[in-house]
Structure formats: C-alpha cells, structure tokens
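Multiple structures are listed underneath, in structure tokens.
Here chain A shows up in two complexes: once beside chain B, once beside chain C.
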Partner chain A sequence: METFSTPENIDGCVLRVSDLSIGIDRPGQMLQLTDHVSFVLNEGEIHGLIGESGCGKSITSLAIMGMLPEPGGTLISGSVCFRNKDVYSLDEPELNGLRGAKISMIFQEPFSAMNPLIRVGDQMLEVFEYHRTDFDRHQKIRDLLKEVGLSDHARILNSYPHELSGGMLQRIMIAMSLLLDPEVLIADEPTTALDVTVQAQIMSLVVRLCKERKMSVLLISHNISLMAQYADRISVMYAGQIVESNETGRFLSHPMHPYSKGLMRAIPSLDREDKRIIPIPGQVPEPAKYGSGCRFRERCPEATPQCQVPPPEKNHEQEGRYLCHY
Partner chain B sequence: MAIFSQLSRDRFNRFRKIKRAWYSFILLSGLFILSLFSEILCNDRPYILSYEGRLYFPMFHFYPEKEFGGKYLTEADYVTLRNSDAFINSENWMLLPPIPHSPLHSYMDLQGTPPHPPSAKHWLGTDSSARDVFARLLYGFRICMLFSLILAAISTLFGILIGGVQGYFGGLIDMVMQRLIEVWSSLPFLYVVILVGTIYSRSFIILILILSLFQWIGLSYYMRGEFLKIRCLNYVKVAKTMGMSNFHILFRQILPNGLTPVITLLPFQIVGGIGALTALDFLGFGLQPPTPSWGELLSQGLNNLFAPWLAISTVVCLFTTLLLATFIGEGVREAFDPRSSTN
Partner chain C sequence: MEVRDVQTWFPVKTGLFGRTSRYIKAVDRVSLQINSGEIVALVGESGCGKSTLGNSIAGLLPIRGGNILFKGNSALKGHHLQREIFQNKVQLIFQDPYSSLNPKHTIYEILSFPLLYHNICTRAEVGEYIAFLLQQVGMSADCINRYPHSFSGGQRQRISIARAIGMKPDLMICDEIVSSLDVSIQAQIVELLLELRNKLGLALLFIAHDLSLVRTLSDRLYVMYLGKIVESGKTAEVLSGPMHPYTRALVQSVPTLDRTRPPVILEGEVPSFSNLPQGCAFQTRCPNRSSQCLQDPETSKVDNREVSCFHPVVSKT
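Presenting the complex of A and B:
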C-alpha cells in the first residue's frame, strides 16, 4: 500500500504522525483500524481532522497519547513523534509524564468525562498529583477558570459535576487540560454535545487560547463548517485512511478527493441556488471489509474499474495531498 | 485528607436527615455498645460485697468460697450466697448489677421444672437448663453482632479485591478466576462447616473463617461487573490522558464509583451473618455450648412449645435486629447516592 511521504516543513513541527497503522488482535484475524495515517502538527497550528463516525479519528487521537484500544489494540507500523521522540519508545512512567503535561486532550461529552463522585476542584488538583510543578496550584486553577470565562470560582470548585451545565463543564475540561501548559491539545469533537450558541463560544475560546499560548491543536470533528472557520489545515479521514490533506482555503475551494467533494455538497448553504443538500449514499465499510482497492469506490459517483487497484498518493503544490486515481 | 473528610461529612449529614435510618443506627449501635459492657450490666457477681465488716469486689476479683464461710477454695457461688442466711436479715450486704444474672448460671432451686415462665426475678423466664433467658439474649446479641460485623468486613474486603482484579484486568485472568470461583461456590457449605468444625472444634474464629470463605463470592460478582463497566467510562480515559497511574485509577477513580454494591450489600451481609450464625446454632453446628446464642434458644423454643416465652422473645430480638440493620443500610445507600444530594 502506498504511504504518504513525510510532509515537508519539518522546522516548527511539534508532532509528527507517520505511517500509523493500528489494529485490533481478534482471534484468528488482525483487524486493521487505521492505515498508514500521516500528518504533522506545526507550532501554533490548528489542524482539523474530518470524517464520519467510525473512520478512526478517535483511535488516531488516543494513539497519539500512546493509548491503544482495549482489549487487543496493536501498533502494526508507524510512529508518533513528539518533539522528535517516539511516543511508543517510552516506558509507562515516561508516558504518564507526557500525558497531560505535554499533550492533553478534551473529550466530546463533558458530562461523562468527569468523575461524578469527586468535586470539580479536587479533580483539577488531582491532575497535579502526577506531575511536578513549580507554581501555586490553587492560583493556577483560578487563573485558568478566569481565562475560560468562568466566575464564581469558589462555588464551581466546590460543586459536583452534575451540578453544573454542559457548557460550564466543557470550559472546566478545557481549563483542566491546560493546567500543565501542554504544547499539543487534542480536541476530540469538543462541541458535539453542546448547543449551537455554546459551541461557538467554546470554539472561539479554544482558538484564542491556542493563539495566545502558541499551542498546537488537533481539532477532530465531523462538522465541516466548524473546520472551515477555525482550522489552518484540514485532513479528511475515510475508513482508516487520510484521503486528502490541504491548507483550509485551498481545500474548501478545490476539494480533490471525491469523498471531500461529497462532504462539501452535503453542507447546507444559503447562497447556493439549489438549496437541496446532496447526501453521500451508503455507509462507511466495516474494518473487516476494507479490501485492497480504493475504500470509497462503493459510494463514489466517479468510480471506474481501475478503482479496484489501490489508489496512488498525489502531492501537488496547489491541490495538496490526496489519495485517488484521478 | 481534607477533601475526603468534607465529602464524608456531607454524606453523614445526609444520612442524619433520613430519620428512620438515623434512629435505627443510634438504637442498634447503642444496643451494641451497651452489650459490649454486658459483664458489668448483667452478671450474677455483685459489684461490692460487705461481709462481716470487710469490703469485697467480686466482679473484679476472685474470692474463694472459704472467705464467706464456705468449705472450698473454688469461686464463691454468689447466687446461693445472696439467698443464704448469711445475707438475709444480717448486716452483710451486696451491691448487684441491674440484671443480677449470668447467662451460664442454672437456677436449679426455682420452683417447678425448667423452663420457668417469666417472673419478677427472671423477666423473660428461664430456658430448659434454668438459665436466665434475658441474660442469654443479651450475651447472644453481642456474639451475633461481633460475628456478623467481622464476617462482613472480611468478606467485603475479599469481594472487592477479587472482583476488582477480575474486572479491571479482564481477559484470561478474569476467565480463569471466574471458573475457579464457580467451582468453589459449588462446594456444599454445610458439609465444610461440619467437617472443619469436627476436626478443629467449633470456635468463634473457625466459624468466621469458614463462613468468610463463602460469603465474599456474591459481592465479587457485583464488583467485577462494576469494574468492567467503569473502566470503559470516559472519565477513566480522561484520567489516563492526564497521566495518572494505574493504581490511582483503580483506587481513586474506579473504586469509589463502584462502591454502590458494597454499600447496598453491606446490611444484607450483616443480616446474612446473623442469619447464618443463628441457623448453624439452631442446627447444632454453630458455637460450642454453653455459649449463649439465639439459634440455640430458638431450637429450645421449638423443643418446648409449651414454653412460648423462649421462642417469642428470641424471634422478637432477631426480627428487630434484622429490621434495624436493613433500615440503616437503606439510609446509607441513599446518603451515598450523589444524585440524592440536597443542596
């Protein structure tokens, strides 16, 4: 199978994922979940990862932190390099030192992401227990809560998670993920569980914090308009592969891969004459049925017999990188 | 830790607000603490005894019969003594505990044949060996409570440990342990009690050990399920991405959330312990006689149906204790439920 060559502009690159293939060891067969996923995250960049549910976005994001799916998750090939150090060469204590401190993560459902039996303040303090810090911890927590736009700190810190709203909890989660000043923030659909007005607030908050701190963000979502607004660069993931990757402006004006085009047509738009949205027919194939050819061919309007053959990777200045015969 | 005590204080306050449970708790623990001082409250030895101008403290000291005009060097029989001529209509006196009966003393000089019906002297009558029923109930209560509390503590510990390991690690460890537990739980418990009891005598400790070998099984199933469920929850994942250790995740994140079955099952463990000991005593496989025990009193009640005070008083005691324990358990469960928080 073709692989994406390691992309250029190595300077300023914080995180490099190259050829990452992850599988699940099932009795009698190895189920491959992601296939040679490669991308880089530059300093201060917001990198968007789009794709339907079940195409390997969350697995990739957890794998960046050295967490493989359980049970039976296996690293088949590839590496995740944080500051030129392979995450998978670290032992458990080193990994724990990396998690939270250098790379941290926000999850999609703030309600389930917090332990229901521990007060918010204590959960935030717990983060410090496994990392060495030289600042005033309580002051840091209060500063961050202020930064994410929360007041009435005493009440919030003394509350149990169920006593707060989803928007507040997500802000707290963001504050919590920033406690140790990480260099990389992985935001796995941070706004999916929230209503639209709060979504916009949370996203602009993440973007502002990222710019202020020169932090790199891997923004995972299936919401393309969110990406168009906030990401510097967009990668499209389909059935465990990155099928297209380009700078946001170019991607939006010239999507190359048929799947990306399909995604663009499926966005409701106000200024288009024909106001119907065109869905992509069919479903993402299951990992066991990926086969060897182009994985999108069953649903692709432009498919030809040639698509039975694995598609080549194309890399152009303007069109970016994409995985298609045409 | 400051955080923990704050949380515990909240739970305690919530528990106090549930009146039925709170009063049950006060009553049962009060009775239990009182029963720990049974020797002082309920004893046939006087606190102070004055004999021919000298003071004696029989409750705390050993005095031979000779001291009080007897023949032998064995301990004086204070029940006979207080009814003897030396103490009736004389200057000698004794200060007796409020319930002046020992659970082991047979009142063979009472009129009629034992069991004797309730009277002013023996509030609940005497049993078939003419021993005071009230004293035996009181001492029996203490043994029952101590037994079931220790049993519950041991079996809860084992249940959490084994179920937790199974649930958290899963896979082959879980499978092998589960099969072993199934084999273990199919051992006929009563035979084990009879066999081991015959070989090593039926002491308090042996009985607790045998019962705790079997009591943890039920709880371990629940704990396994809880750990299996919770380890897949998002906040455990978050804790991992924050770089927390396995140990921390197991005991600080998962265990407190998986405690609900422990807490809801705890009163039933205690109820079960009381029930098990009573049943064994009833069948004659329990504690060695003449240890005062409720099961033995029940079986006496069954053998002497014409003496209903035996069965009735024991059943009332048993029922009340079990009811109070259940009320407490109910309240504790409600107080620990974070969703029932009242702010």
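Presenting the complex of A and C:
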C-alpha cells in the first residue's frame, strides 16, 4: 500500500478508504468491481468522486457504510476507517450506530427514496428509531427543516411525498440525513434529477451546511462542472479504479489521466469559447472483461503496447495522484 | 415546420359529474418555426410544457387551438393532427431508451416493422436497408438478432435513431434523448446528430434542459417557461446575451468549469399551473418586476430575436 505525501495525509482525516477491493460472488467466479480504491475525506471538505455508470462509485459509497450488496457482496481486501475505526471490524449494533448517525447518505431520486404511503413528518421520525436520542425529536425536525430553508413545516410534515416538488423533497432528504448530526454525508448524484435552478439552490445549501457543521461531504456525480464549482478535491473513477485524484483547481488546469482529459473535452461548458465537443470513442468495459493492464487502453488516444502492463500510480505535488504509464 | 399559436390545455375535472372546472394551460399560444436542415432547441425546466409541445406536434396529444403547418400545408383538422400531411416525414424519439424499444422484439423486428408497414422498402430490400441504417448510427449489423436488453442506454438510443431515420424524415423531434445517458455517451450522440444533419439534411427539434449541450448542438433556441415562449433567437446570441430575465437566470445557474464564476441562485419555486399569476408568469421570481407585469407581456422582435418582457435585460452577461 502506498503512503501519500500529499495533503491527504494530515490529521483531521475523518474517513480513510484504503485499497478497497470489492467483489460480487457470481456462480463460477468472483467478479471484482473495485480495485484498490483509495481516498481520504478530511473534516469540512467536499470531495468529489467523478465517474460514469458502471465505474463502481455507487458500490464504493455503499461499502463505506458497510452495506455490501447481498447476496454475494464481498470485501476482497482493503479497509474503510472512520475516525481510525475499521468499519468492517464493527458488529451489527455498532454499524447501526454508524449509519445515519455518523455517516449519512442522500440519493439521486428523492421520490424513490421516500415511502409514498407515509407522511413526511412520520418518515422523518422514523430516522430516530434505531438510534437513542436525548433531545426533543419534534423540535429537532422543525429546526432542521428551517435550516434547509423550509419554513412551512406544519404543512410539509403533514404532506405525502407526491404532494411536494423535487426540490422540496431533496431539501427534506437533506434535513433527514442531518437529524443525527453526522460527520460525513455521502451525496450520490443529489441534483441529477433536479432542474438547474433548483440544483444551484440545493448545492449552495449543501456547501453552507458543510462549512457550518464542519461536516465532510463525499459528492458523487458524473457532472464535472458541478465538481468544479463545489468540490475541494476531485477523484476520478473508471472501471473500478481511481485513475486520478487531485485538488480541484489543479485538476481543472492540468488533468493528467487520458480519461480525465477525454472527459474534459467531451463535456460542453458555457464558459468555453469553443462550443465543440470531442467524444471519447467506445464504451466502458464490463467488469468481467477488465483484464490486466490499463483498463482505459482500448479508448485511449495515447495508448501504446506498454499499456498492456498494469500502469504504475504516480504521485506528485502539483499533479496529484494518477494511474498511467505516461 | 411552422407552429402557430398552438394551445394544448388539459382539463381539470372536479365534482361528482367530472365537470371541467378549469384548464392546465400546458402549452399556451406557442409559435415556433423549424427550417429545413436546421437544429432548433426548445429549452426549459421541468413542467414548462416543452415535452407536451413536442408530443402535440407529433400528434400524440389533442391540440385545442392554433395550427401546425408542414411544408406550408395545414396539418390540423379540429383538434387532431392529420398525420397523412406529415407522411412519416416527422419522427419522434423519446427520453427513456429502456421503454421505447419493445423488449420482446429483436432489433431486426423493431427496425423492419415500420419500414414494411409504410412501404418504405420491399421485403427483399429490407435486410440491406437495415444494415445501412445501423451503419449510419455507428452500430454493427450483427446486432439485428439480439434483444434490446443486451444493449446499453446509449446503444438503444442509436437504435431508436436508426428506426427514425429509416423513415427518411425531414424533421426529427428529439425529446430529451440524451438526458439519461452518461456524459461521454451524450457527447457521442450529439456528434452523431450533427453528422446526420450534415449528411441527410435533416432538421431537428431538440427538446432539452441542458443549456451547455444545446449550445453545442443547436442553431436556434426557444426558451419556455410555464407554457409560453419567453425568448428566442440564434443560440449563440441568446446564451451569450440573454434578454429575458428568466433566460438570464437560467444561464447563470448552470455550473461551468470556471471556478471564478459560481452559479447564481434564482430564488423561489415555479408556481403551479393551477395557480398562475395574472400577467407575466415569471413575475413571482423576477428581479426586474414592476406593476406593468400584471398585464400579459408583449413580444418584441429585433433582428430575429424575440423577447416577451416589459423589462428585458439590455447589457451582456
């Protein structure tokens, strides 16, 4: 395992994911979905994890909470440490104490994350069911609704999810995730299903809460512009591996990995002079077909025969960490 | 195609006998024009009526008022679109690649059925024509015996595009066709659409909410808010110098790669259709609002730019 001399290694580290390799046990084989994934979340930091579908970002976020898919989800190697405690060494009651309370999560589709048959107020109260609290739960709910910008709490608590808009539901989800004052918030594509004006409102709320509460946020998205605006550090995930990781400003000015460079060319951005985009040819390989060697080589414009050999991880002050021969 | 003052209203039935008490004016007197070989974008946020408009133009919803002209011929009779006027020259592609292809049919069946039904080619020619169509969209011909579920979202959209261009259309209506795809696949599909426009002289009505993508793809742009067009013009001009306060708010909310320009927040929420304010629909959130806005705003036309506002923004952003 590499030790990094980058700012990732300072105290104030809340969550450390080290060489996380997760697999799914399928008949006849173990399908490895992530390969030595490592990153660190510091206090009060927003860490952006960029990746497209199939890269393993969602399973990584579940693994952080000790929620490997069943049946068959396996921790092949590596660890997840929350405040220096290994998540996978905890027993069930300790894990319950962790989930929702220390590490909380919000999802892409607020409508599907909530039970359509139960009023919002009751669903918020449900959060407390597995956790002991010694404060006034109803007051806490009202306080949090106010914190996320929802003032009409009587009406909201009495409503069913379908009676509220996407933006309001996402605010409620955020409020719910904060009820137990977590130290880490995992936000998995939190604004993908929302309109751009609502997205701006929700993201500004998340940033404010993060700074006010010194909470760490793992922001997972395929939207690089979103990361550019809101993340302090960026890690890029491709085919189960972290292919690049750096402080956001440095990443944007000089992305090192060919996939990162490809993504930057393929996405349109209103601020760019040139409106043209250059797609990355081909498709993401399937886990069963990763093979050895660099996983991006089939689509890489800079690939050479050398890329059949697994690429080394490079680690520099300015350029950050990246996985490439060149 | 020319869309003139089209209205698509949904009746709200209440009471014991289901009497219509009022209407949701999802599309309220919308006019737009698409010229041959042009890519026109229709943008707006959810609930603005853009998909309703797309579906109305394609004949999937009854139209309450206005007219639709295709190559100069009126296509509306009463409330219904006379599709024969279109002669299959207007094709529609949908957002969800997972529900727009029949899971029980092979790709061959999906592609051949409309071609044979509408006599686009004979049974003897159809195999070769399908291979040609698949090649046009960057798919290999050996996918014809497979079923939709073995393809990714991006590949399915390519198949849907192949199905549409097989009909040799003059206009394709693309309703949010890349919104559910990964960013790198979105780029591939956009490149494909541009290629098809150049090769086949196809016109496109591209309905979307992603302004950045729309800038890359479209020549002209219409911006919709709560059932009405608030601004239109050449895409580059509208996006670099938006005149309607809503367009400006929209452009400013989009995150870009420029960290020195964070998104500007537009406060408030979209009012519901059943609770529209008197006059301009945007007044509840507009920084330029005045008492004048209680009246329906007039549309001013300057040099192919149209804006419906009493207080348009004049300086460039």
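We take it that the second predicted complex is superposed on the first by the 311 of 326 C-alpha atoms of A that agree within 3 Å, B and C clash if a C-alpha of one lies under 4 Å from a C-alpha of the other, contacts with A are read in each partner's own complex, and residues count from 1 in each chain.
Note that in this section a residue touches a chain if its C-beta (ideal position, glycine included) is under 8 Å from a C-beta of that chain, and two chains touch if they have at least 3 such contacts.
Values in this document were obtained by computation on a predicted structure and should not be read as measured data.
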item	value
Superposed partners chain B and chain C on chain A - clash or fit	fit
First, second, both or neither for A:E129, with chain B first and chain C second	first
Which of chain B and chain C A:M114 touches, first, second, both or neither	first
Touching partner for A:M67 - first (chain B), second (chain C), both, neither	first
Touched chain A residues, chain B compared with chain C	C
Touched partner set for A:M105, first chain B, second chain C, both or neither	first
Touching partner for A:I278 - first (chain B), second (chain C), both, neither	second
Chain B versus chain C as contact partner of A:V309, first or second or both or neither	neither
Geometry of the superposed three-chain model: angle at chain A (Cα centres of chain B and chain C, steps of 10 degrees)	80
First (chain B), second (chain C), both or neither touched by A:Y160	first
First, second, both or neither for A:A228, with chain B first and chain C second	second
Superposed arrangement (fit on chain A Cα atoms) - minimum chain B/chain C Cα distance in Å	11
Chain A to chain B touching residues, read off their complex	62, 65, 67, 71, 95-101, 104-105, 107, 109, 112-119, 122, 125-127, 129-131, 160, 162-163, 173, 176
Contact footprint of chain A on chain C as seen in their complex	45-46, 152, 154, 182-185, 187-188, 190-191, 209-213, 215-216, 236, 239, 249-251, 253-259, 261-267, 269
Sites on chain B touched by chain A in the complex	3, 7, 170-171, 233-235, 237-245, 248, 252-253, 256-257, 338-339, 341, 343
Complex contact set, residues of chain A against chain C	52-53, 165-168, 195-201, 203-204, 222-226, 228-230, 248-249, 252, 262-264, 266-272, 275-281, 283
